[in-house]
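See structure below.
Chain lettering (A, B, C, D, E, F, G and H) follows the sequence in which the chains are written, and residue indices restart at 1 in each chain.
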Amino acid sequence: MKKSSSNGVLFDCGRTERIGLPEAVFCPGKPRAILLELFERFQKRPVLFTRLEEEVFASLPLTLRRKYDYEAISRTAFAERLAHQTGRVAVVSAGSADAPVAREAARTLDFLGYGYTLYEDSGVAGIWRLNDKLSEINDHEAIIVVAGLDAALASVLGGLTPRPIVGVPTSVGYGLARGGESALASMLLSCAPGVAVMNIDNGYGAACAAARILRLLKG
Amino acid sequence: MKKSSSNGVLFDCGRTERIGLPEAVFCPGKPRAILLELFERFQKRPVLFTRLEEEVFASLPLTLRRKYDYEAISRTAFAERLAHQTGRVAVVSAGSADAPVAREAARTLDFLGYGYTLYEDSGVAGIWRLNDKLSEINDHEAIIVVAGLDAALASVLGGLTPRPIVGVPTSVGYGLARGGESALASMLLSCAPGVAVMNIDNGYGAACAAARILRLLKG
Amino acid sequence: MKKSSSNGVLFDCGRTERIGLPEAVFCPGKPRAILLELFERFQKRPVLFTRLEEEVFASLPLTLRRKYDYEAISRTAFAERLAHQTGRVAVVSAGSADAPVAREAARTLDFLGYGYTLYEDSGVAGIWRLNDKLSEINDHEAIIVVAGLDAALASVLGGLTPRPIVGVPTSVGYGLARGGESALASMLLSCAPGVAVMNIDNGYGAACAAARILRLLKG
Amino acid sequence: MKKSSSNGVLFDCGRTERIGLPEAVFCPGKPRAILLELFERFQKRPVLFTRLEEEVFASLPLTLRRKYDYEAISRTAFAERLAHQTGRVAVVSAGSADAPVAREAARTLDFLGYGYTLYEDSGVAGIWRLNDKLSEINDHEAIIVVAGLDAALASVLGGLTPRPIVGVPTSVGYGLARGGESALASMLLSCAPGVAVMNIDNGYGAACAAARILRLLKG
Amino acid sequence: MKKSSSNGVLFDCGRTERIGLPEAVFCPGKPRAILLELFERFQKRPVLFTRLEEEVFASLPLTLRRKYDYEAISRTAFAERLAHQTGRVAVVSAGSADAPVAREAARTLDFLGYGYTLYEDSGVAGIWRLNDKLSEINDHEAIIVVAGLDAALASVLGGLTPRPIVGVPTSVGYGLARGGESALASMLLSCAPGVAVMNIDNGYGAACAAARILRLLKG
Amino acid sequence: MKKSSSNGVLFDCGRTERIGLPEAVFCPGKPRAILLELFERFQKRPVLFTRLEEEVFASLPLTLRRKYDYEAISRTAFAERLAHQTGRVAVVSAGSADAPVAREAARTLDFLGYGYTLYEDSGVAGIWRLNDKLSEINDHEAIIVVAGLDAALASVLGGLTPRPIVGVPTSVGYGLARGGESALASMLLSCAPGVAVMNIDNGYGAACAAARILRLLKG
Amino acid sequence: MKKSSSNGVLFDCGRTERIGLPEAVFCPGKPRAILLELFERFQKRPVLFTRLEEEVFASLPLTLRRKYDYEAISRTAFAERLAHQTGRVAVVSAGSADAPVAREAARTLDFLGYGYTLYEDSGVAGIWRLNDKLSEINDHEAIIVVAGLDAALASVLGGLTPRPIVGVPTSVGYGLARGGESALASMLLSCAPGVAVMNIDNGYGAACAAARILRLLKG
Amino acid sequence: MKKSSSNGVLFDCGRTERIGLPEAVFCPGKPRAILLELFERFQKRPVLFTRLEEEVFASLPLTLRRKYDYEAISRTAFAERLAHQTGRVAVVSAGSADAPVAREAARTLDFLGYGYTLYEDSGVAGIWRLNDKLSEINDHEAIIVVAGLDAALASVLGGLTPRPIVGVPTSVGYGLARGGESALASMLLSCAPGVAVMNIDNGYGAACAAARILRLLKG
């Protein structure tokens, strides 16, 4: 009776060559032993750890922690980042509760070598906050919109800018918010044409989508 | 073995006294014989027929049709209307596909004795269309917002006016529109406080809610 | 690589002028540091804190807590309230489990300057409890109905009063209650015309909707 | 390669002995040839055909049609009925759109040998209609409640009678009615204890449930 | 500004006269102070406390606990029970995980004065377990079926007995069990006619439905 | 500006070598021109056409129709079948409304070269019908169970046979049947271990799954 | 006071300046009179008509039809197109049933001035079909992936290309396909990072998203 | 009349004879006393305990624990296993988060006497990982595919192997993953024919399905 001898986790090392995006480690659910092994292995390589809760990071040995740049709100860590790239992204979010997702997107952009500007608390209930910043936002080559609840921000912004827009619905809210499903539907139904959408709370994926876009700037 | 002898439809004649709103007839699913009887019975009383398709109305005898004021887009008919009341409602809709619902609301207001103005094609993808009309809209004592898809109009308008707002999500759209459920969720999750919401496509109900509100103006 | 320097939370200070309702702070998910900053900032201004759990409030410094009027069942706090306004609201709830939502509505009304009366435990299984109070309820200019489970109270009351009715479904119940979605559907489907509805458990929003209505009394 | 030779439909002939309810034929989806065969076979036996649309029945040969008692609103037919039984059922429905379901229940009771009285248009929006009839309704040994939309009738009646209540939600309504799912949830969540519920539009099943109950009267 | 002075919980004291079932107290979500008051008040009256977790009961004063008959698996307590009634119920459950619901039904029957027999672990995967007990089960005047997952037990039993059957789906299971919604659907779709169904996990309600039925035996 | 010149449909000709199952043509939605081309192309090759409605087949030229073996209830056609294989499948269905799905499974087995026996009308409401046939059913190497509504047949049969079981839920039923989703959930939740399940109404897929299994008999 | 003189449809003429995408007309639900007016008005301007069924287009006057370039599978028409732009898109679809959506995307690109290549029938069940074309696909600056059912194509392709990918789930399939919701979920959950997604069947929107991206190539 | 003397749990001892699979104990929700009794009873019989959390097992008496073979990731324990059988299964999983389910399947196979090989981290985002192992995988008589998120692995593998495939969707992921419902739908909709599917996370059931299949190898 043959059994699998593989204990560790296979990594997709050719991924950067194939798709231009390095492998990332989604931390929730991974046992401590495996996480520890991964942190050991990647201290000199550009690998992004996402959804890494503060207490989990704090439980790593100090010598290992020192090798990593950890940021608590975005719950991300990395030891090395990719080389600087051409192109900047405006990350626009609706409310302060959307911060973890908006900052996960921002940190991923930073890790991938792209510049970004964060525009938080830009929800449409006070639409003047958005108008004031519009021409500055349009100076970026791509826009990530992060919003929960009715996610009206995606539609309003989509009607005001010619830039590529990647929407990230968030799980903020209660009742009909349904864990972000209503915000997701709103973004997919945006009356402004050409708003592309990611999974709920997927700031990491939005940054990857933006990176795929900005790579066109290279020529 | 006793059986029910009642063939006809019992009407709630005391309703106007109790709640200030006369009975209405929701036409779909009612057999032709019963509809005919109801049209006969109400040719001199203020009763509103809703969701009355053009071909159904056209199939009534001409002498009966002449007694009724029928309007095809709103699919409504009535022989008598209520006395003129104080108060006017702005009915603001997002797109031309919302017209049947917006006009059902408008016609119901007309029937109940209230004034109204229709602002159609005011969706947020072209938000300038809304801004131009804002002060005029605010001259009305109440606002009915009719929108499908992401229903962002409710949030944007809710952040710009102090008036009572009644939202009516519509079943316009495909895919994630889910027959209006996504627009309903968006309105209930509006980031502007105090937007109250009706069932999907329920223009009639929105007008009744507005009428309950405007009655306060009497004293 | 430019980054956002903004750490704090932007507030929508012009909101009261635009829509007549001051900004509110929805507390869940906000980090303690940001909450603390907001409590500091708003100790002399009319801002309402909602969903503020007792243990969170208790963790604030005593000197700060003394500036605020906190009420535990409604989970609300404010340092200043708005000036007294004309108009009173009947807040009618079905069962004692609906108390947190009913009282959130009541406290918000109080904060906004409106009077209210609470009618709790008025569910339709014992419909006599409702009948006894009906004429008293009708003495209020608007009615907020708070109910979970089958939310039949909204329909029964809607058929007995001409007043504006704002329904708030609650997440009370198990199984098919589905976190309040069934109560929400019941209210939206009310066989009494003109019942307008808020998101599940949104007592705050119901009070805002009532305030938009009562403002009409000013003239 | 062996194949099944059976072309016809196997009937469960021992069912009446085992459970006291004869087999029934649910007509939709059955090919005309099979329906014809079943009508031939059951012209002298107590078998109930349900959901039999008028045009389908009209397409049968006249000689066969003459053997059957067909009723169009309930869409039911049978050639023989069971012997008269002790016990009567009040079938109470909310609106005229519920008639097909209410009458399917009534006709099934008739077929099974039980008496019934139909109380139609008894919705709670005009609750006086129900109150007037209450003591008469309570003279029946069991009650079937048929209602769509918010189905508040089940809760109101459940709070007023000690009789066994079987609720049948109907698919009446649009938008949040969700084909009867909201009415089903309302009935299952009834704040009156002991309301038992059937599948949406299942008037036939409600009558069977009532028959299981009334059989207790025999001793 | 008038406020409600009512602090306590109104009880529906006329309920037993109207519907033959005394009031019950659903404990979850009720603050300790209110529960304590209710336990004080009802130590000499027949009131049933349901969903009363062991640690909550244990936290009551010993003198009060001694007045009550508490049972931990069913999570029920009462100080007085109703007088003995004619009629017995078979409570049949599919698996040992259904025990809390099956026993809530059994305890409620006991409280209401009816006899019962529990048949646990009777799932259809081992259908012989059911067959052995069938004639004994049929000696009871009514049957409560308690099952989760695919709830096939309701259909199988429904095809084998002429007795009134009340089904209670349970929230047992994972994945597609969806908190009991799949079991609920299975019971409502039972291919055996006349199975009436309660809300998920509602053993209390099933016993009330059975009591409404058994009352017919009195005459 | 380059455009695609491909008008036709690419077929996966290597499929039989790779997975042992030939390509099939799912007919709905395919334009008549494309269907015609496919029927022309495959008149001498083993390709199965599924969901081919009678009127669509009848609209083909007679000379082409003569090349194909068409069966109306299963809505399948083929010109050539695969060589006879070892292994037989029992196709057991619950009711006569399941016939199109059961027979699609049977016809696909026939096309793939496997023997089968159809056991229709074997629903658990009359469980004796199943018991009588059990040893005969167990003489087949695999079992396909086809059932809608509560799909209890899968659990009952799964508890009585050691054979591989492939369940196919059907979209038969109304209300909570939800187009077969409830039957699907019931099968996935079967209390008998090891019942594997296909998509709703997917008789073709079940036969393919059985063929993958029976191929093991070859050695 | 009855108002609203506006009969026509307001168009958002400044849209091209603001967002670089001209207005489009979604035809379903628009009355013939309004469609006719729009076709008259836009015969010399770049406006795209989508979801225009063949029989609707055929019903227009011949003189008007001659002004428009209509294509039946994509259901699109336009009289003028935008000037040629830099950038080409690979439109890759899984099966022939996805053709209407894939071609709506392709035609929209054509209308907007972008080149495209269609790769149809590239589903992963025959993954060799995709591999053969990969380097050619990667020669395009952006990729639109169109797939229904399990939409596995998006993940497979996303793991093989560094290009921006816009996914369009289609409503192809039955049962669990749920009108495209399952394909939508699959795309949003793609294990390949950075796949952005549009509403179900929204080929038009995908082309707009691609156009927003390709505009970056200008400089 | 209080009854039910049965305290223990009835086991289905004839199950192995009937269906060839011994009884298993699903541990969650079972009280410690009952679990303890079951562990005592089955220390010399082949019974599998599933979903047995490490801390629960650790709480058993040491003498009892020593009798059992416990494995923590799969959360399974047994004292005796079945005799070795002919046939081996490839258990292929997509990511390391699927390990608990994949290993529950593997351990169940081991317990039932079948050989297996585990192929973990074989997701399609790096499809080369799968290709390298394909011929080795095809050397097994059956394949269990374990995957969450978009579960594209089932389709890709289904298009590459002629072996019987049993899919197990997992609850891995967030947002649209919906606790595994999206992965379940993807597997049921697999574009490769003949993939049979189990309930979400049901590794145990997949092994039972595989065992039903492999038993064919005996004769």
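Everything below uses one rule, namely that a contact is a pair of C-beta atoms (placed from the backbone, for glycine too) under 8 Å apart; a residue touches a chain by one contact, two chains touch by 3 or more.
What you see is a predicted model, and the numbers here were worked out from it, not measured in a lab.
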Smallest count of steps, each to a touching chain, taking subunit A to subunit G: 1
Common touching chains of subunit G and subunit B: A
Farthest chain (mean CA position) relative to subunit H: B
Rotational angle, Cα trace of subunit A fitted to subunit E, multiple of 5°: 180
Chain whose average C-alpha position is farthest from subunit G's own: E
CA centroid of subunit B to CA centroid of subunit H, Å: 56
Distance between the centres, which are taken as Cα means, of subunit H and subunit C, whole angstrom: 49
Separation of mean Cα positions, subunit F and subunit E [Å, integer]: 43
Subunit A, residues touching no fewer than two other chains: 15, 125-126, 158-160, 175-176, 184, 188-189, 192, 199, 202
Chains that touch, pairwise: A-B, A-C, A-G, A-H, B-C, B-D, B-G, C-D, C-E, D-E, D-F, E-F, E-H, F-G, F-H, G-H
Of all residues in subunit E, those that touch subunit C in their complex: 1-4, 6, 9-10, 12, 14-15, 26, 29-30, 34, 171, 179-181, 184, 199-202
Touch list for subunit H against partner subunit F, complex: 15, 18-21, 24, 141-142, 158-166, 184, 188-189, 192-199, 202, 204-206, 208-217
Touching residues (chain side subunit E, partner subunit F) in the complex: 94-95, 123-127, 149-152, 154-156, 158-160, 173, 175-178, 182-193
List of subunit D residues in touch with subunit B within their complex: 84, 88, 96-97, 106, 110, 115-121, 125-126, 128-129, 172, 174-176
